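To start, the structure under review is shown below, and the notes come after it.
All chains are identified by letter, namely A, B, C, D, E and F, in their written order; residue positions are counted from 1 within each chain.
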Amino acid sequence: MKKIVTFGEIMLRLGPPGFERFTQAHTFEVIYGGAEANVAISLAHFGESTDYVTRLPDNDLAEACLGSLRQHRVGTDHVLRGGDRLGIYFVEKGAAQRGSKVIYDRAGSSFAALEPGMIDWQAALAEAAWFHWSGITPALTPGAAAACREAITTARSLGLTISCDLNYRHALWKWGKSSAEVMPELVAMGEIVMGNPETVETMFGITAPDPAGDPVEQTRLVAEQLAARCPNLTTIAFTARESHSASHNTWSATLWQAGHFYSGPSYDLTPIIDRVGGGDAFTAGLIYGLRRKPDEPTYALRFATAAACLKHTIPGDSNLVTVAEVEHLMSGDGSGRISR
Amino acid sequence: MKKIVTFGEIMLRLGPPGFERFTQAHTFEVIYGGAEANVAISLAHFGESTDYVTRLPDNDLAEACLGSLRQHRVGTDHVLRGGDRLGIYFVEKGAAQRGSKVIYDRAGSSFAALEPGMIDWQAALAEAAWFHWSGITPALTPGAAAACREAITTARSLGLTISCDLNYRHALWKWGKSSAEVMPELVAMGEIVMGNPETVETMFGITAPDPAGDPVEQTRLVAEQLAARCPNLTTIAFTARESHSASHNTWSATLWQAGHFYSGPSYDLTPIIDRVGGGDAFTAGLIYGLRRKPDEPTYALRFATAAACLKHTIPGDSNLVTVAEVEHLMSGDGSGRISR
Amino acid sequence: MKKIVTFGEIMLRLGPPGFERFTQAHTFEVIYGGAEANVAISLAHFGESTDYVTRLPDNDLAEACLGSLRQHRVGTDHVLRGGDRLGIYFVEKGAAQRGSKVIYDRAGSSFAALEPGMIDWQAALAEAAWFHWSGITPALTPGAAAACREAITTARSLGLTISCDLNYRHALWKWGKSSAEVMPELVAMGEIVMGNPETVETMFGITAPDPAGDPVEQTRLVAEQLAARCPNLTTIAFTARESHSASHNTWSATLWQAGHFYSGPSYDLTPIIDRVGGGDAFTAGLIYGLRRKPDEPTYALRFATAAACLKHTIPGDSNLVTVAEVEHLMSGDGSGRISR
Amino acid sequence: MKKIVTFGEIMLRLGPPGFERFTQAHTFEVIYGGAEANVAISLAHFGESTDYVTRLPDNDLAEACLGSLRQHRVGTDHVLRGGDRLGIYFVEKGAAQRGSKVIYDRAGSSFAALEPGMIDWQAALAEAAWFHWSGITPALTPGAAAACREAITTARSLGLTISCDLNYRHALWKWGKSSAEVMPELVAMGEIVMGNPETVETMFGITAPDPAGDPVEQTRLVAEQLAARCPNLTTIAFTARESHSASHNTWSATLWQAGHFYSGPSYDLTPIIDRVGGGDAFTAGLIYGLRRKPDEPTYALRFATAAACLKHTIPGDSNLVTVAEVEHLMSGDGSGRISR
Amino acid sequence: MKKIVTFGEIMLRLGPPGFERFTQAHTFEVIYGGAEANVAISLAHFGESTDYVTRLPDNDLAEACLGSLRQHRVGTDHVLRGGDRLGIYFVEKGAAQRGSKVIYDRAGSSFAALEPGMIDWQAALAEAAWFHWSGITPALTPGAAAACREAITTARSLGLTISCDLNYRHALWKWGKSSAEVMPELVAMGEIVMGNPETVETMFGITAPDPAGDPVEQTRLVAEQLAARCPNLTTIAFTARESHSASHNTWSATLWQAGHFYSGPSYDLTPIIDRVGGGDAFTAGLIYGLRRKPDEPTYALRFATAAACLKHTIPGDSNLVTVAEVEHLMSGDGSGRISR
Amino acid sequence: MKKIVTFGEIMLRLGPPGFERFTQAHTFEVIYGGAEANVAISLAHFGESTDYVTRLPDNDLAEACLGSLRQHRVGTDHVLRGGDRLGIYFVEKGAAQRGSKVIYDRAGSSFAALEPGMIDWQAALAEAAWFHWSGITPALTPGAAAACREAITTARSLGLTISCDLNYRHALWKWGKSSAEVMPELVAMGEIVMGNPETVETMFGITAPDPAGDPVEQTRLVAEQLAARCPNLTTIAFTARESHSASHNTWSATLWQAGHFYSGPSYDLTPIIDRVGGGDAFTAGLIYGLRRKPDEPTYALRFATAAACLKHTIPGDSNLVTVAEVEHLMSGDGSGRISR
């Protein structure tokens, strides 16, 4: 099959080991991650051919970052080098009633300084059939937003399938325009969108008609409105994370496809080893499912949900699981027995 | 606001990483902690100005210990140097049905060899408004008990508010007098006491009138009797830890103040990252609450209980949380969501 | 009391720290373990005099392995040296819905190359009263199976009590004969057997008469049939592990002895620190109980079950707990309170 | 004695453990350091009362940084909070023929955004007798240069002794003016300067008259010219590091004071544990010596040189040694015998 | 430029951290390495396009191994999967008078079970211009030797340049034929050979005519004889390691090319961080130099020697240095100064 | 051969990893060591049958300590349990000009509280041919000194060979008598003594007649005088450590035996990995040599010196080397080549 290209910012993730607070740390674990890179890595573990496009500085940290992508079979031939620095984010893992804490230090990164025309999108997408981006990129700077628009436009002109994870981060979107001003046009150019009703309200102003009504039905109605607003959309996936504590969440998802609406299984996540990247694991699972069984939307929904569940058991940003492992959980076996 | 001075023994805490048993350990984690130092550190994180008074030997381990206190904004100007050694305690963390294990190696420490007259209490308390001690100090040696009495007497003569955590440790109190012979007089000189009904029975001979009666009401009656016995007391706080397993406890507290009795919230602690210092975190929270909102006793009770809850999620002895973090949990949000 | 001799293969166990996957690991924790060695180590911690018999190569890894056995008071005087390599197994610890994963790399080991006549069983068993083996040894190679038979025969001729943990591993038994062809004769020479109904079905073809019937009663009936098939057996212990997730299991056991059938307590294991060796801990507990209180079969059953429960809280293969700790849990105190 | 105030940027220092390259690292060691903070910490270990002035953001990394300063007895009451980020530098330690490598990521830091008027220098210097700064601060941004000028001017007006470490870093000085345009005026306002002849050439255009002549004499002549250019200068210290390999350096220094010129001892540094902060350790030693024995310039020179030597044996940026340890080495005992 | 393909066995390298002995280790560092893989990785760091051909089992350790190759930009598209196990070698690092110790556990590996016909050499070499192998492969098993012969023959038929590192390991060559019976024919098919005079004597029976004569001249005469024996050879490189201690070696090399003989620089290696892979680093440097400056044999010799020198400063098997770093050392700067 | 029994105090050794100072440490490495235990462990690695006698408390740290002895094949059947605590010592490793630092925390230990009559020496020495003690034991307390005298007397009455390492520690000997009052009588009861001329002067008042004379000759004359004073002595070994830096020492030794005097080889120790236990390694080597080749005193001297040399390359207190490894170095091969 042709390639899946994902595009976004990958950062150096640093954080204390175990459950130490930032002020207790004498070492930081070193990981490289970012929403769209996590999707690419997960897809590569599912056997898909993937390429990741970003912009990184010319230093050894960026080399280490590239090595990490290649290690997971993600192609890096179209990564642009230049700019001043690698974005960083610091993660302190929470437990029980104490939530995890993230400090972003991504301003001034090589990626944030991206401008249209820098990346040769014709070349980067030449062997691809699918293009994936997320709402984080246009949130960063006008240049990144414009470069994202350029990528989407090129992908569309080349006939690629386009998916977007809305990924709303309130702390971003500081450059002058709101997500509501930027995202609808970009999202409307693609076929697939992942998100949740709250984000749809923020970005599209779409609300559930009866907040007191049946939650699943209200979610369906939000999806219907979004589909009406963006006629090019064929698939809308909404995830729902219920947070009982930092160590115990419940995870489920719904899928709207071509007028039909499906509700997936719910997983009890406890103990959570690392919740970063749970949504990216879902996205990767969904893309895999939609590509491999396009006529079986519930397969994609169930595969994505099981994939997201497994991600929570794995340290780091990336969902290092195989299709067989996801399907084993989909089959109902979440017993965690030893595989010898 | 004027300073809070806490007084007691700080020790070198050593223990295997993770859930290794003592006999499996090839490294020990190095922490410095003790009940009253933990209270001071927690108060400093709440923004209070604190000083810690103790006696430490003249060696590099004591230097490291002092550095650790200063790092957490605790004043050490009145720490006395001298004596033979730093007390040590070894902690093996338990899990599920296997309880944690503590080996004390504190005999002969610089603090245990304390005698009245060694510390210049007039100077040490000159800038303070509050003095906090615990039942561990008089349990150690006759000299430590006498020095503790000297401190309390001076604090009283200077008009400081005095609080005491009863902190009964059966393995101590080996020097000739029992806690029942020593503690009542010392406690009666202060205004605030933290403990639990079992300790009150041991130290004061006060029992709940009807063991089969409603537990909260019985606790109230114990507090009433203790208040009657020590007329100077204005505030009595009782904590209750229910231990389901080493990894799962339930924690709650009650507060008697000036004839009124309040019952606080209950927190489910699971998984427990480190339970050492839970009571000290409660004590610090109570002192903070009583100082900041003296007319709102339930604030102190709820703040202290939420603080103790958060302590169980943090490795080490000390409750490294801010007022904002405690109040976030008090507000009812124990969902452990990521703070970005 | 006279010695307990256990016989089998001990291997180098390697695995990533924490919950890392194999592909994430940059260090492996180094442990030496194997079913029968685990039993010996646990018995030594219970105060029994034990000897372990195996075959190890002449290299420093084998020296480290021997040192580990001696450290736990297990005698190694009859360990044979020779052959090519130490068997290895790699363990990736799972969590929640992701199960643990084991990669065996034991082919060609010094033990697998064992042949009858190599070990001087008369000498090895001279001071022993009890011989323990497991179904892993005859599963390896024809030579190991024959050596196992030789050991059992000698033990019987010397009047030792013989116990066997059936320990069926599907991935083994590749050398030409099935477990059903080999095990029944060997098991029948002993007095005690540990296992579960599924393994009894595989090895003996014995099934529960009414799969839809009461599970405990059905288990009893399987034990009755097995006892009838092997008249020398006096004791049959069946363990039952219910796996809710990799982090949460329920564990219980039943015991058939001389026509009587006993059902033991059930323990909720959560969180599981290391589940490897749970069955070996049970076996060691059972042997200890049967030796110390031969007239009180429920003691052995309850002791073994509580021992297996505690094992799940301890990193590594071996159950490093004392009789006092097991009896504390048997007494009903699984509260995990701190022991100071 | 009155306080020593040092002023500059402290950063988060991250680097692989041992001799790993950046591309091999899975953990980074976490240290907080910067030239002027290192000087303050070293002086505090010598028993001097010190305060450190800088600007840090409002986040937990900055809290950890402040804790690290306080731990070493450095006062932080005048640290300004605000701005966007904590500067970072990454250090890869070299060995033998492979040199260490540093990646700076300090652009956009809270300190770089400093402007005159932000810091209340009257308050910050109120209790001080000595002010120390380095050539790194004016190299950063126009604002930092202006704030540095403001600090020096205020210090002078308050009658403080002012010392400057020229600290030329070619990679900095990118904001429009060269060091030669900025530094001479600032240096001339102080009394003490540390540096080396190469830097004096860069900043002041002063060269040794006879490059082929006796090196010590040429160094003296450079000092004489610098003293003539800056009549306020009383003391000029030049350090000389000869680098045989990353693991083996030779270190020596010379001192010009009021027309006299002194040459100090030379130390063979091998193996070097951490060379970062060697110059800062020299500076701290020099300040200590000049303050404590103002009439004995060779004491200051020898103390500073021995202090710098010891720094190379200590991991991290800071010279964690006592006066007694430095004087022990000054006395000629570099034998490294065990102190029991 | 076209690809360089290297072929051989890559293994899991395990060893204690620091200078612990095997019997002290509780963790092993995990690295993947092997002579020919090390060459490929080093060449990839020099910017060459490389492919590595081997045979690996179908398990997660092999996945981790492949990830490690890809991380370093080595192509793995022609790695064959199958067989039973990944070879392992254990390394204990020595210091001073205590030498390092290696335990090989490679028997029965997937690579050792290689047979001619398994690998599609036409495909594997299709895009290559250079093929590199070493004397380790034919030493393993008859099948590996035959597969190696097949590879060389194919490479020759395709017109590739062929290089061989003689790499004599006495502990191998146990399968029936000696290196002298196997190697000469294989070596003679190539153009370039790396080794040392001792190995040439073992494999070719060629000795220096006058052992008491000038060593460089004698080395030249050995090269001359070898060239005469293998007329296809254009280049012979001999390395010389003088071992003063495990921490201090001297390294130099000579090169015979088309009748000319060159002697390269000598490097003092101290302290040695990791000496494994020093020869492979030389080989990679030589190949790089010969390809990039075919008309300047002393460039290749000096580049290779400097590369080997730098390898000794880097933990692990692989020489993670760039061309710029090697050329910096070639330029004479071995001072190990900080690069900022 | 019959057993060697060593007697003394074993302690918990704690220290920072690498070259961290005490004030930087967040973990301590955990080792169990003591002069006489180190001798026993080294002898066990040489294949000797050894037993270690001491007194340890009844806690898990003592269990871990016993496990460590058994792991190294040292018999612990006659270790007495009781008393209050395990002695501790803290070790900070130095480098270059910074010496290592030791903090002792051994007062009040179970061993220090030893009294005559506690240990059943008849039983403890029943199977022994050799008894070894050191000057540390009588230095501790009157009780320990008396118990040591009891042990020596019993050993003598049983006809054992008795060796003593004088092991003078100035910081000990605080209980009222000086070493000069206690040691001569005890030493005189044995046959073998290890030490150095400085200690002989302190304990026996014996000085070299001509301090300006040839050092070896003067050492011989000291030995002669000591032999004259203690007519029972047959063998006197003097070690000489020249300390160039904490990382580089030179080590040599001399031996007086029955009127003859031998001077051994000298080893350059660089880099030193861990110098603790160097003298104990020498002692163990000497005892081994004297037992195995009683007629070849230079063998013992050379074996002991080479053993001490190797100890400096091994982390921890104990010399974990085999006879083959020592003899390899004795043979002149200190090249540190890899052993594959």
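Following the convention adopted for this analysis, a residue touches a chain if its C-beta (ideal position, glycine included) is under 8 Å from a C-beta of that chain, and two chains touch if they have at least 3 such contacts.
This structure is a prediction, so every number in the text was calculated from the model and none was measured.
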Shared touch partners for subunit A + subunit D come out as B, E
Taking shared numbers over all numbers used, above half giving same and below half different, the subunit A and subunit E interface sides are same
Outermost chain relative to subunit C, judged by CA means, is D
Cα rotation angle, subunit C onto subunit E, in degrees to the nearest 5, is 180
Note: subunit F sits from subunit B at a C-alpha centroid distance in Å of 45
Expressed in whole Å, how far the mean CA point of subunit C lies from that of subunit D is 63
Check: subunit D positions touching at least 2 other chains come out as 21, 23, 26, 67, 101, 271
Full set of chain pairs in contact is A-B, A-C, A-D, A-E, B-C, B-D, B-F, C-E, C-F, D-E, D-F, E-F
Contacts from subunit F onto subunit E in the complex sit at residues 267, 269-273, 309-310, 312-316, 320-321, 325, 329, 334-340
Residue positions on subunit E within touch of subunit A in the complex are 67-68, 70-73
Seen from subunit A, its contact residues with subunit B in the complex are 18-21, 23-24, 94-102, 104, 169-171, 243-247, 271, 275
Per the touch rule, the subunit F residues reaching subunit B in their complex are 14, 17, 21-23, 25-30, 59-61, 63-64, 67, 84-86, 88, 90, 92, 101, 103, 105, 107-108
